[in-house]
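Down below is the structure, laid out as structure tokens.
A, B, C and D label the chains in the order they appear, each numbered from 1.
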Amino acid sequence: MHTRRIGILTGGGDAPGLNAVIRAVVKHGAGQKGWEVVGSEDAFNGFLDDPPRLLNLTPRTCRGLLHRGGTILGTTNKSDPFAWRDPDGAARDRSAELAERIRAEGIEGLIVVGGDGTQRIGWRLMRERGVPVVGVPKTIDNDLAYTDYTFGFWSAVEVATEALDRLHTTAEAHDRVMLLEVMGRDAGWIALHAGIAGGADCIAIPEIPYDPDRFVDKILERRRRNRLFTVMVVAEGAYPREGTPEPGRVAHGRGHIAAGGAARLLARLLAERIDVETRVTVLGHLQRGGGPVPFDRVLATRFGVAAVDLVDRDRWGELVRLDHHRIDSVPLAEVAEAQHFVDPDGQLVAAARGVGIEFGG
Amino acid sequence: MHTRRIGILTGGGDAPGLNAVIRAVVKHGAGQKGWEVVGSEDAFNGFLDDPPRLLNLTPRTCRGLLHRGGTILGTTNKSDPFAWRDPDGAARDRSAELAERIRAEGIEGLIVVGGDGTQRIGWRLMRERGVPVVGVPKTIDNDLAYTDYTFGFWSAVEVATEALDRLHTTAEAHDRVMLLEVMGRDAGWIALHAGIAGGADCIAIPEIPYDPDRFVDKILERRRRNRLFTVMVVAEGAYPREGTPEPGRVAHGRGHIAAGGAARLLARLLAERIDVETRVTVLGHLQRGGGPVPFDRVLATRFGVAAVDLVDRDRWGELVRLDHHRIDSVPLAEVAEAQHFVDPDGQLVAAARGVGIEFGG
Amino acid sequence: MHTRRIGILTGGGDAPGLNAVIRAVVKHGAGQKGWEVVGSEDAFNGFLDDPPRLLNLTPRTCRGLLHRGGTILGTTNKSDPFAWRDPDGAARDRSAELAERIRAEGIEGLIVVGGDGTQRIGWRLMRERGVPVVGVPKTIDNDLAYTDYTFGFWSAVEVATEALDRLHTTAEAHDRVMLLEVMGRDAGWIALHAGIAGGADCIAIPEIPYDPDRFVDKILERRRRNRLFTVMVVAEGAYPREGTPEPGRVAHGRGHIAAGGAARLLARLLAERIDVETRVTVLGHLQRGGGPVPFDRVLATRFGVAAVDLVDRDRWGELVRLDHHRIDSVPLAEVAEAQHFVDPDGQLVAAARGVGIEFGG
Amino acid sequence: MHTRRIGILTGGGDAPGLNAVIRAVVKHGAGQKGWEVVGSEDAFNGFLDDPPRLLNLTPRTCRGLLHRGGTILGTTNKSDPFAWRDPDGAARDRSAELAERIRAEGIEGLIVVGGDGTQRIGWRLMRERGVPVVGVPKTIDNDLAYTDYTFGFWSAVEVATEALDRLHTTAEAHDRVMLLEVMGRDAGWIALHAGIAGGADCIAIPEIPYDPDRFVDKILERRRRNRLFTVMVVAEGAYPREGTPEPGRVAHGRGHIAAGGAARLLARLLAERIDVETRVTVLGHLQRGGGPVPFDRVLATRFGVAAVDLVDRDRWGELVRLDHHRIDSVPLAEVAEAQHFVDPDGQLVAAARGVGIEFGG
């Protein structure tokens, strides 16, 4: 009998749980169904490089992977076969070549683990080049509309919450405003959850452009109660509302800011208004590293098993997801641009306000 | 204007997140709505003891509570006012007296945080004695049918998963079967989640009475692949299927077993069948202690805020719950005995089997 | 030029940091000095088994080892070539054969990582069979007279301290005596350090046979101050002083007790004397598993580098050790039986008593 | 009989373990010796403010303090009674007034917990103003010549090591140089220990001005072995050696750099030399916050008990310290400016080099 041969790759920024997905795909696909599972290094690049960088993945190679952060396959944002960048900067379409190489390897189809960008490439590869694809969603920001959770999110929240716990103790010892910048360029889910879990006094998220004066009021109100420190969580995409006088200019809404920029801007806006000592901490890559928490290990394992089951039933063109405790799938064609934002009037923000958290708007 | 005065108590075994509920109730009820919040120590006992043991809870008394394990109010299983036990062992009904004392304290109603038993008492107190009650569910086992999650569950899973990570490294160094007994007298949720997250080879849960020979087969199959160690998670309520010859007797299904008994029984059953070195670790109270993980902190905070909001709208007789990301409530009258078990044929067990986990049945 | 070829093995119970020693030996010996480093699996067994189980260790095979618990070489207590046990139970001397096999492999000498027993075997192998040996001491109990610390000790103390932190929160919520049994058959170092670090109320160690009535007095004194819970750390080798009436007999001093036995005996002795609810937790293998804390990673790395440096200078027959921040070595011939016990009248016990800890004697 | 009345304060930056010292002083001094212990908030400011901010410390107020980060007394660097800063910026000597206020409170002497600066103030207060003082040294940097360790150091190393573990996993997934800046303005102890414990490839410390080209060589050498990522630890006081061309200028040795500056400078120097993607993470206050590790809890407890014992024997003018497992003391008069630096030719740096770590010099 013919042995099925399947490819797997991980694309985009890394997230705790990628290795757990790989392990589940290999244990279920190779270990139980007897398939050959081939990993492409650094997303699609493993196929496109000369020589190709492909790994035969067996249960043996996946030992100890479950709790390891990162991804043994590597990952990259620079891997779009439809707009391949040569060293000289010129772009060209290598998608046909990619499809050719995948077929030449005897690979029937791909399990693509990645974020929106990677999934779009996978879907084009299927539609335009005939390479069957099953998708596993990945975003540490948890901002996808079609799945309850993505793996990596609660791991990032744990890192951010532990940081808040630490900052609290040192903030209390002094008389300070501590600002912690966490991930979330478009959506404030990490900031919101970590802020509630870490007992923040203020949270700034992209969905609620803030008025710095409301944060100032919060700081002053705390001082009146002899609480001389304030702990703030700032999503990297948070920004002041339009019309806010900024140092040297006036805010015009959202704009791209470098890492740490959102927290430092808020720190400056506070320091312009009141006499206050601020300290900025930028978590950055600490949120992506480290092993996944149990929630993410379970979810990643379920996603990996479900992806194999889709392939097993030849249901290509689907993306796995979690829907109220159940894993099922949605068509890849339908998921583009389905970002999910924090609802400023929603229940979770209301709960945060209910324990006294100020959002600045 | 008259200031509302509300009581709060915590009953049953403790769970990480109890303090976070108390904090949220106090911050929202006392801090924002201006109520007086009175805590009764050791469930209903604080009202019934002489002198009463009641605490005035203010935002100030709740500082630093969010991440602290345990409950500042204390908790106990020995607090049923309808069947009060005197020191001489005689039982009597003190529920009327309790209602009287609550009213004498000027307390309008209670927020009762507790498991099934405590909620039943609360509901009788409301129905039979006219004391208004709002409930907040609590069980570390996560085995309630009407709520997606209870706080404390993922914290317990984290403790169990970390223990599995530790046992893995020491198991690999030797040649052994490590058995880890975790909580779960009736339902195997903790064992199932921790087993998947911790990469267990075998899981024994009450919902799937096990055949020890299937575990033996798993151990032998691993040995053939030169995997000389095996890691097993055993829920405290796990038991061999009927007809299994046990040391000195024959299994007759589920029965009450002391702490550690389920794992030790399985260890004996294995040792009777093959030459194997077993080591039993019983997590016991380590699972209940310690601070809550972020998931549980967020959930507990939302439950606390929601309970206050129910009181605020005079919706007594309700129990808060989580239903697919939303907090709402169900009538206390309807929730009795709504236990939720692992489905042996369900998706989660299938995913576990998909990565090669053996359930023994 | 001739390439040096060195063997390495790990013997006895495992301890966090074993992999860090292996990694350092390989990075320094193979990576920098260009030696071949051969690992023998399961202590000396790797040489004696047919076929031999030997691993060529290179910096590449040691990637990611630094923070991993356990030992990639495996370890065992059942590996004495001077008293080899055949499956039929007969003992015979295979030490000459072992020396022969080591030489046949072209291995010049061994780096032996292990406890007293393993070091004694190493030393006999050198003296009686002419196999050059350098030793790296290993005991999680930290009870060696000639070195300030052994790796693994602070990792075990961390596990025990975290357990105490957890038990504290759940003890406070109820009204209980929590007993935590930790490692320490002969010496109470882990119990003493964890007890101080974890804020225990009582500590029982082998060096101070306890009078249960003194623990009872402590419990009662705490109750008078309305501290209804008591947390006790019990070394597995702790025992009541002579003459203590035990259930059904009278204590006659130290004796061998099964895992959990020391804590359970103390729990019974307490329950005989006062009305008290006790809960016993036995940490067992959780203390040996898991990654090493930074202290142990640094120490293990230094030990590994130092062992290679001894070999490099042909200073066979030495054992590395830590002496007041400095690594040096002592002759293997001199170290036998140099156990180091807690001094009941020493400074550390006095400090513990200074914060109110009761030792029962 | 007259009850002794003693003051305690904490000065300078905070360090994990401050609360453990306070707890030990109170448990030993107040709980066992029956003294009154008065805490001054924010170092000496508690005495000097109007009204004074003083706390009566009892064992009851110290419950739960052992594992809590920060200091319940608060701390500050802006508290020099000899050079008091008024809001208008003018300096004046308030030391006589301070001594007067201490005496007026009936306080016999002070236990001063703090770094060099705070100890100097304490010593002047004793010598010039006749206020008896006992010192407890505190520096998270562990750079004091007269004591083996200060509390807080291993806690900071743990935070830094965990960060390295996290960065490793995310570095491996991509192709990057990750730079982690840790504390250590004058001395590189934290960077050195965390770098060894966290498996860093390069360490930059103030004691070894670095040549960026040597780091470049290390990165290139790793690439040749297909190790595409490099992890570097940078002490905040690390700087390039004289003569190094910097962006826009030439290095002239050590200089004051803002938080994150040392790592960012090194990142720029690397990017000028080779095509490399760098990521800078600045741990900052995360290192000071959070609970102390067991090592620091034990040491802080011993320091606190020892300080009380010095007072008890009227040995004022002494500073406690750890000297090869023993706690004793040195005269405050002798300890000024006794900083202890990493020896570039010493054993620890050699061990780090032994596992392949590059120091850049």
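Note that a residue touches a chain if its C-beta (ideal position, glycine included) is under 8 Å from a C-beta of that chain, and two chains touch if they have at least 3 such contacts.
Since this is a predicted model, take the numbers as computed values, not measurements.
Colleague: Quick check on the interfaces: A-B is repeated by which of B-C, C-D or A-D, going by over half of contact pairs matching?
Modeller: Copy of the A-B interface among the listed pairs: C-D.
Colleague: Rounded to a multiple of 5, how large is the rotation, in degrees, that superposes the C-alpha trace of subunit B on subunit C?
Modeller: Between subunit B and subunit C, the superposition angle is 180 degrees.
Colleague: Take the average of all CA coordinates in subunit B, do the same for subunit C, and state the distance between these two points in whole angstrom.
Modeller: 35
Colleague: Distance-wise, how many Å sit between the C-alpha centres of subunit B and subunit D, to the nearest whole number?
Modeller: So the centroids are 41 Å from each other.
Colleague: Which integer distance in Å separates the CA centroid of subunit C from that of subunit D?
Modeller: One centre to the other, that is 31 Å.
Colleague: What are the residues of subunit B that contact at least two other chains?
Modeller: In subunit B, 165 touch at least two other chains.
Colleague: Which two-chain combinations qualify as touching?
Modeller: A-B, A-D, B-C, C-D
Colleague: What residues on subunit A touch subunit B, complex-wise?
Modeller: Subunit A residues touching subunit B: 23-24, 27-28, 31-32, 59, 66-67, 148, 154, 157-158, 161, 165, 193-194, 196-199, 293-295, 297-298, 301-302, 304-306, 308-309, 324-327, 347-348, 350-351, 354-356.
Colleague: Quick check on the complex: what are the subunit D residues that touch subunit A?
Modeller: Residue list for subunit D touching subunit A: 10, 14, 18, 42, 68-71, 74-76, 159, 162-163, 165-175, 178, 279-286, 288-291.
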